[in-house]
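Following are the structures in question.
You will see chain A twice below: alongside chain B first, and alongside chain C after that.
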Partner chain A sequence: MSYEFLLQLIVNGIVVGLIYGLIATGLALLFGILHIVNFAHGEMVMLAMYAMAVVVPLLGGSYMASFAIIVIAAALLGWLVSGGLLAALSSKPGQMAIFEKSLLLTLGLSIILLNGVQYIFTATPMMVTTDIPTGAFTFGTVRLSYGHAIAGAIAIVIFAGLYLFLTRSNSGRALRAVAQNREAALMIGLDPEKVARRAITLSIVLCAVGGAVLIPLYVFQPIVGQALLLKAFAIVIIGGMGNVLGAAVVALGLGVLESVVGGFANIVWQNAIAFLGMILVLLIRPQGLFALAMRKG
Partner chain B sequence: MLRNITLAGLVVCAATFAAHAQEKIQIGAAMPITGPVAHGALQEKRGLELALEEINAAGGVLGKQLELLYEDNQCNPSVAVTVTNKLLEAGVPAVLGQQCSSAVLATMSLFQRAQVPLVSSIATNPKISELSGVGGNPWVFRLNPSDRELAVANVNYLASLGAIQKIAIVAESTDYGRGGADAFAEAAKSKGLEVVSTDFHPLGAPDFTTIIARLLNNGTQAVAVYQAHADNANFARQAHAMGLKAIMTGKLSLDGDTFAELIKQGAYDDAVTAFPYSPAVDTPENKAFTARVLEKYGESATYETFAGYESLHILAQAIEKAGKAEPSAIRDALEKTSYKSMIGATVDFDDHNQAHNNAVIITIKDRVLGVKDVFPTK
Partner chain C sequence: MTRTSPVSWNALLAALLLAAGIIVPFLTQSSYFLTIGISAMIFTVFAMSLNIVYGYAGLLSLAQVGFWGVGSYVAALVVTRLGGSIWEGMIAAALVAAGGAILIGAAALRLSNHAFVIVSLCFTLLMQMLAQEWIDVTNGPMGIPGLPPPSIGFGEAVFSFGTPTRFFYLALVFATVSLGAIWIVVTSRVGKTLRMIKHDETLARSLGLRVTIWKLVAIALASVFAALSGALYVFYVTIVDPLIFDVYYTQVILVIVIIGGLGSFWPVVISGLLITVLPEILRTPNELRMISYGVILLLAVLIMPTGIAGLAGKMRARRTTPATSTAELLQ
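And now, the complex of A and B:
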């Protein structure tokens, strides 16, 4: 097939990869800093989509205004629930560790959110019409729909912001410090509770952004988060559990690879790639592609 | 004294309970209440509940009230086996639904082993009727036309337009999608239309950009889809945004607000589909039915609402005719079904327990949905 076709696939893949990245980095952040495995991550993205479905019509279809409201609401909600969440997950010696506790808690939360949303909104496919026009930018024969372009642009801004936050700000450095070595972070006077609450809030904000960028692209139903979550898990495992930068890079790579393989081979292979990659990484480099070193013992 | 009162109370309770149990006939209803096709179950349930109200208000069946025992098969064959066993163990004399072809195909043998009839009204894989009735499984009955009959009608109509030569197929990777895709490819071949690509995606796939990129590049003029309707709405929205001009065809369920919006936006311009039902079919019975559904649920009836509604009426008629709520008597009575459907035809079963109700050709012209033709599938 043609060069234009390849180019189209790569453009599609980059946008899909950026969207995967938004969802996977939030998951990686929580695991890296708090050792929380969040099975409700996909449902939180879904919740953001339904929240958009409520807010957008109230604001007369304005996408950016609704986007801002949802993200701010997610930040507030994140900060509010983080305290309770940490209390529920805190464990004393001899109890279940935070990792196991988080598995059970978030799995339960996922079931409640999924069925709760289906109960309220029903499973009827939902479409939100925003002020983003239907149509595409065309570069020669390559097309990029307005919705995809906006999703990609938002993701790039978020990643740049996330990168600057984690590397240049003290709050961000504190997050990384706790992720690298919890005891040492305590010793230099970081407040672990505050750091943990920031991490949870940031992860929930990333869910909200992830859900909001899908609004102009998808017709969705309550189960939408499940497919996205499985992919995000594969990405986090390939990138190195808890490595935020690794997750972002793998997400982008996977998006492009999936698109090109799906385009030139049978589409069925498209969905196999992430999981084949995950199995390979677990066999050959179980710490993940981007983990620099693994502490033993 | 106190003990006597308690005893008397218990006796009264037990007696009422027994009487209560005698008054009811429980029918199994398996459907995908959760999962990627949950919207279909919601609609089917509306139809069933509406029929149930009517039947019970008119005195029930054999003087007893009907009751539906719902189970969620999640449109997943292995879950379908589990919940079907549960219904069969509960001793229901017949089961309605399953909805998904994979769920019907996975559970057909269970019905044969238990010797309990299944009345399927939505699953469209052609294999189901090949395996039912004469020389196969006499316990499975299907009310709706299979994708083979629908694909033939669909392709005939497309061919009559003259402009469409190249068609791509996009289907979900399930028994429904694969059965539909095969049926369409066969029908297209016999009419000399070229199938330029066939893609099978997972049920509930969120992103279709790769498939759309292929369709933008292979010169297809029409896309025949066999997808769950949430997936189809999603696919159509993305294809429209990316500027795919090929018309939509295959199996299109175009009822409901989301589709109304997509049609208005132009995602289904010039679409053509052969479908088992449309709320727009112009018969007095259908008009009354759709008005009732709209009044009760605030939403228009869909294929699943219609299927649920007629399937319970047909089963109730068979139980009445059987004279007792026993599986084999009901099965024998089902074979002799003669039911006047609200969309015109008289429903009866052939040797393969396949009914031949009417079906419709639906087209979108100038962004308005219209029923082009109501045709017999016999």
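And now, the complex of A and C:
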């Protein structure tokens, strides 16, 4: 009994971890490439969830069609706002550093988004009925609901795509080049603005995917973004700030750990794990579990 | 720059504000106006706590609301569970906050100032979740209602701060003592050291300053004042619940400090008093009020990142520029 229960918790945890991964990699990407922190990241996921809540009923409950529309819309929107965002962030010497500025601006943005959505949709918990059937795959005694299966499958496909993009395509390589060494990337003629806009767009798309896959799994409220942000930040710190692969691995680990702890202990502990893990990593290995070299700054 | 002895100006300003504070309850008995005054004073101290760590030491901390909430919960629990007085509760709140601040700061500063920001935000979010979910202690989303008004006992006689007027004077004493203490700290060598670290950490290090220890001092000090103001605040509103950790408070104090001017004293006091009164004038639904604060934060960062203090400095510079140019002409 206990063993099968554990196995079930691990399976659930893997799916949750994959979703965390989608959200945290977007954050890590922005930090690694642009050295900016996005406090509105959780709210962007939340926004995608509410966008789904609007689009799904319009399309008669079709999940995959709504998913495609939301992701394409996010990509377009991301590309459009990225220019303005970069202009707002650019700082003259003597003014606030870009890190600080990004942080304050996105904090303001997150509050506007959170309360804007709360004003329009109220704080009443939302549930979206999609055309995903309610059954589950069963492997022995372990069950995997169709919603979880779809979320996991989408996340895996996105990760594979992201990995191929970053390692095989020229634009992906350019992103990594800027993250590794900004000056050298400039020297070989990479356009920093283009790279930055691509990174922002990619990050927003990852938010949209993260939000969309959560839809069949949970009932949600506008504050959902804040809890997700806490997890995503903890993951980024544990994995090494700006390390995308590290973030993905840590996200998976955190999902499983939370699920297992949640199955056996009080829910308080489940939420505290991310924070305690972050503090522990900072004390023992402050550069993060997967950082190659210490980066101060 | 010709400035006539700055100390007297400061004393004059302080005396003026204090006198204004003393007069207010004589002018109005309306508990509505007194309530606005009470929250204005408490929030000014709260915002000043952020100014210590962010304005003076250059460490953006989003944990201030966490400490403010922890302080209020600790004080409320000391009173309701342990049967202590609010004063004992406030002392406990300050101690717990300082301990927590040093622990979190020491861990986060091992990596970088950037990590500190993120850890500080996560701390606040976690505390909010704990307040909601650790029901045995915090009573969950219901919160701890019915907090008694603060009182001082002289033997048999007990003086209670249960009326708005009395609480107004209590808040005035609290604000005067706290702001006075903060003034002493930030104008002392401690304040100068913190500012130096903010401006050039490498230089400070090379001069042999133990930078991390100084940062921890600032973080701990800031957490103490946040916890104290939080504790006093919940005894005024007589209830503490998880909403005390709301991002709304983070936003308000950030707006106050940025509009006032990072690392300035009087401009932050003035903007604190003004900005807490503002939402009462803008009597709009809660969400719209929050949105307007968000917009103010964006505009402040984009348009006037140096705040009132920066504008005042610019005007002073403009006034002195012609003088220097005439001096150049004479040469």
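What we mean here is this: the second predicted complex is superposed on the first by the 289 of 297 C-alpha atoms of A that agree within 3 Å, B and C clash if a C-alpha of one lies under 4 Å from a C-alpha of the other, contacts with A are read in each partner's own complex, and residues count from 1 in each chain.
Simple rule for what comes next: contacts are C-beta pairs under 8 Å (C-beta built on N, C-alpha and C of every residue); 3 or more make two chains touch, one makes a residue touch a chain.
In this text, all values refer to a predicted model and were calculated from it rather than measured experimentally.
Undergrad: So if we stack both complexes on chain A, do chain B and chain C clash, or do they fit?
TA: Clash - chain B and chain C, as placed by superposing on chain A, overlap.
Undergrad: Just chain B (first), just chain C (second), both, or neither: which does A:227 touch?
TA: The answer is both, since A:227 touches chain B and chain C.
Undergrad: After the superposition on A, what does A:90 contact: first (chain B), second (chain C), both or neither?
TA: A:90 sits against neither chain B nor chain C.
Undergrad: Applying the touch criterion given at the start, work out whether A:219 contacts chain B, chain C, both or neither, answering first, second, both or neither.
TA: In the superposed model, A:219 contacts chain B only, not chain C.
Undergrad: Which of the two partners, first being chain B and second being chain C, lies in contact with A:118: first, second, both, or neither?
TA: In the superposed model, A:118 contacts both chain B and chain C.
Undergrad: A:127 contacts which: chain B (first), chain C (second), both, neither?
TA: Touch status of A:127: first partner only.
Undergrad: Taking the superposition as given, does A:100 touch the first partner, chain B, the second, chain C, both, or neither?
TA: second
Undergrad: Thinking of the overlay built on chain A, is A:181 touched by chain B (first), by chain C (second), by both, or by neither?
TA: neither
Undergrad: Identify the partner contact of A:169: answer first if only chain B is touched, second if only chain C is, both if each is, neither if none is.
TA: Neither chain B nor chain C is touched by A:169.
Undergrad: Mind working out whether A:259 is in touch with chain B, chain C, both or neither, as first, second, both or neither?
TA: first
Undergrad: Chain B has the stretches 59-67, 95-103, 311-319 or 347-355; which one runs into chain C?
TA: That would be 95-103, the one stretch with clashes.
Undergrad: Of all the chain A residues, which ones make contact with chain B and with chain C?
TA: 114-115, 118, 226-227, 266-268, 271
Undergrad: Could you please specify the touching residues of chain A with respect to chain C in the complex?
TA: Residue positions touching the partner: 37, 39, 88, 95-96, 99-101, 103-105, 107-112, 114-116, 118-119, 226-227, 229-230, 233-234, 236-237, 241, 266-268, 271-272, 274-275, 278-279, 282-283, 286-287, 296-297.
Undergrad: Write out the stretch or stretches of chain A touching chain B in their complex.
TA: 1-2, 4-5, 8-9, 12, 15-16, 114-115, 118, 122-127, 129, 134-136, 138, 143, 145-148, 214, 217-224, 226-228, 258-259, 262-263, 266-268, 270-271
Undergrad: Contact residues on chain B for chain A in the complex?
TA: 34-36, 38-39, 41-42, 173, 199-202, 204-207, 209-211, 213-214, 216-217, 229-230, 233-234, 237-238, 240-243, 256-258, 261-262, 265-266, 299
Undergrad: How about chain C: which of its residues touch chain A in the complex?
TA: On the chain C side, the touching residues are 60, 62, 104, 107-108, 110-112, 114-115, 117-119, 121-123, 125-126, 129-130, 133-134, 247-248, 250-251, 254, 258, 285-288, 290-291, 293-295, 297-298, 301-302, 305.
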